[in-house]
Amino acid sequence: MAFVNLKNVTYKYPLTDKPALQNINLQIKEGEFVAIVGPNGAGKSTLCYTLAGFAPHFFKGELSGTVEVAGKISNQSTLDEWVLNVGLAFQNPFNQISGAKYTVFEEIAFGLENIGIPRDEMKKRVEDAMTLTGITDLADRSPYSLSGGQQQRVALTSILVMRPKLLVLDEPTSQMDPIGTREVFGTIRKMAEEGMTVVLVEHKVEWIAEFADRVIAMHNGQVLLEGNPSEVLTSNVLIKNGFGLSRYTSAAREAKKLGIWKKEKLPVTLDEAVEGFKK
Amino acid sequence: MLEKIKSNFNTQTWVLIPIAIGLNIAVGQIVLVLKLPVFLDSIGTVMVGVLCGPWAGALTGALSNVIWGIAFDPGAFPWWPVAFFIGYMAGRMANWGFFKSWWRVVVTGFVIALTAAIVSTPISVYLFGGITASGSSFITAYLMQTGQGVLQAVLSTGFLTEPVDKITTAMLAFAIILGLPKRTISGYPNAKNVETQTESKTELYIALGVVVLLILFAVFLLQGMIASLSG
Amino acid sequence: MRERLSFYIKRDSVLHRLNPLTKLTLTMALILIAFLSPWYWTPHFILLAAVLPLSFAGRVFPEFIKTALRLILPAATFLFLMQAIFQPVGETVIFKFYFLDVTRESLMFAFRNATRIFVMVSSFTLFLLTTHPSELMSDLSRRGLPGQFAYVIISTLQILPQIQAKAQTIIAAQRSRGLDTESTFFKRAGAIVPLVGPLVFGSFIEVEERAIAIEARGFTSKNLKTSLQEIADPSFERTVRWVLILLIIISALLNLWPS
């Protein structure tokens, strides 16, 4: 039995004619780290909102098919129950600051206060989560005084601290530098190995190749391709549909035309590219 | 009753309220820069009233005064009931369908102005003896010197000074709501209040009649005042 | 521009350590008694014998006086003058100014009203100087105030400086495009839309994402909320609060009593 199970899911936002998701079928195992790629308007964010319960509970609109996570059906639950199982963090860190708290420590505790975690356990969980994402030194700062990248870490920590079974992330590192991105992806990978299921939307495909178990390519609200990262991310189907390939894949493609790249398989990450060109 | 109040508040309402209070204050400051004879400092309150409902509007108004008191001037506290009723009335009028076209919005603005004048009168009279630290008190003081009672003088001042500000506020709120994408508005509890209608001719005539009556009413008030001034 | 909008000054004092609700009750008591007590000198007495000593007890006297003078004195003075000159009460004319009579009674009346306002504003200022907003809201939430109120108050205090900063940016941008705040009335009136429009539109667009973010963190959870902050409330403070409420009731009764 899959931990996340989407069957024939079609979703239409209110006041729109065209569905944002069309007939999606998707199964994800517990502890799996799945990345989603696709051009703008492919329905990646809508898929995130659907997994996290906001479509249809928050946006209204029409959802058909079944969305099942951890044995519960979205259409038969309420949003406040759903978010206990599914955590969501998205791109814009500024809008994810609650505003109700003066320090980062309090900000991260906000969710735990809302769901009624006792004080001692709350403190411990906040401290643990901050250690995990490496922001203990920010504890007493005002969330508004932080850089975009730091705010994104706080937003991620604020969700991790709720210990969701399924973590849905929509470009959570867009404002981080490469070092920060690597650290955060390492943390997410670790969470997945400890049994948290992760669904991640990401533009930086080289990171996906390194960290994700599986890649789903979306286009026009549909799943176009899915499989292991090195296959999906070098596929010709992606280029035909206007996807961005990693710069290493693009370089190797050109090199292959000139006969410089000898291997059959194209690289996605820097390491693979270096390895391939050496030969 | 409790259910009705609750229906005004979803998460979007709670998120909008702080932003609306911020807009009240920031817009008030912008208008100050422009040196116009209006305040527009209840624009956020009116918008919450219209989009979320009378109780949400009322809460926004009252909290706006509390925040103004906490942040800038504790002297603003006692006026919270005025802001409360501005928000409430905006919501009530919108629920009655008076926020769907220009004519109706003008009427709403006028009703809000009358409400504000009536609610502020007892506060001004009991707390300050009618003369507050605001500029419009010169008019009140003048009326009192001519022999009008405190209550009458304060009320007349309110009726004289409020309508321009509140009608402008309501019209600006309407313009902004018309300009916002429909999807942005659809999530608020009373989004249906601003589904604009194309007006039939009869409705336009009725509206025109109402406005004329309102003008006559204002003239009547003014005349009464002039009479009491010369008397 | 201040980054956080609050008067709060972090210090260790008796007043700082009091439970926020006790301080709030004390503030309300000082104000209500100043307004309700029928005895003429009550507000003056409260100002000198309660508010001032309390500002020493709270170790915020310098800030208190500065805020009070900056904030209240101009308004109170203006109020005093307006009322002294325009309040048509009393017979004993002290001096005449054109058609206006300044009487002994109107002076007395104005003096008391100005002092009452001074008590009101200065007590609140003292309360705000010694109470952190989040401490107050946590305490009130613990006592049953719905959690959404704490959210609204605190986030307004934090969002406000940002909205103001945005407003300043928009004003500057419009100025560089030729906005003239000294031009004719109609031009200035026409400038409202380009100034206010972007500010309001931008703010409205944010609402949806902000709402999603807090919903994702259990904002609408039906569980009983808990609080990270622990706020002391010793039993003697409860007694103090009841005594203060009793004093308010007594002043109200005295006020209503036909003398």
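First chain written, first letter: the chains are A, B and C, and each begins at residue 1.
Here is the rule we use: a contact is a pair of C-beta atoms (placed from the backbone, for glycine too) under 8 Å apart; a residue touches a chain by one contact, two chains touch by 3 or more.
Quick caveat, the model's predicted, so the values are computed rather than measured.
Among the other chains, the CA centroid farthest from that of subunit C is the one of A. Taking A-C and B-C together, the pair of chains sharing more C-beta contacts is B-C.
Rounded to whole angstrom units, the spacing between the C-alpha centres of subunit A and subunit C is 45. Note on chain placement: the centre of subunit B and the centre of subunit C lie 22 Å apart, centres being C-alpha means.
The residues of subunit A that reach two or more other chains are 58, 99, listed in rising order.
Shared interface positions of subunit B, defined as residues touching 2 or more other chains, are 11, 18, 187. Multi-chain contact residues, meaning those touching two or more other chains, occur in subunit C at positions 151, 155, 159, 162, 206, 210-211, 214-215, 219-220. Residues 49, 52, 54, 58, 79-80, 83-84, 87-90, 92, 95-102, 105-106, 109-119, 122-123, 126, 142, 144-145, 155, 158-159, 162 of subunit A are the ones touching subunit C in the complex.
Against subunit C, the residues of subunit B that register as touching in their complex are 9, 11-12, 14-19, 21-23, 25-27, 29-31, 33-36, 40, 43, 47, 63, 66-67, 69-71, 73-75, 77-78, 127-133, 137, 140-141, 144-145, 172, 175-176, 179-180, 184, 187.
Subunit C contributes residues 5-7, 35, 71-72, 75-76, 78-79, 82-83, 85-88, 99-100, 109, 113, 116-117, 120-121, 124-125, 128, 133, 148, 151-153, 155-157, 159-160, 162-164, 166-167, 170-171, 181, 185, 188-189, 191-193, 195-197, 199-201, 203-208, 210-211, 214-215, 219-220 to its touches with subunit B in the complex. Of all residues in subunit A, only 13-15, 58-60, 99 touch subunit B in the complex they form. Contact residues of subunit C toward subunit A in the complex are 3-4, 132, 134, 147, 150-151, 154-155, 158-159, 162, 206, 209-230.
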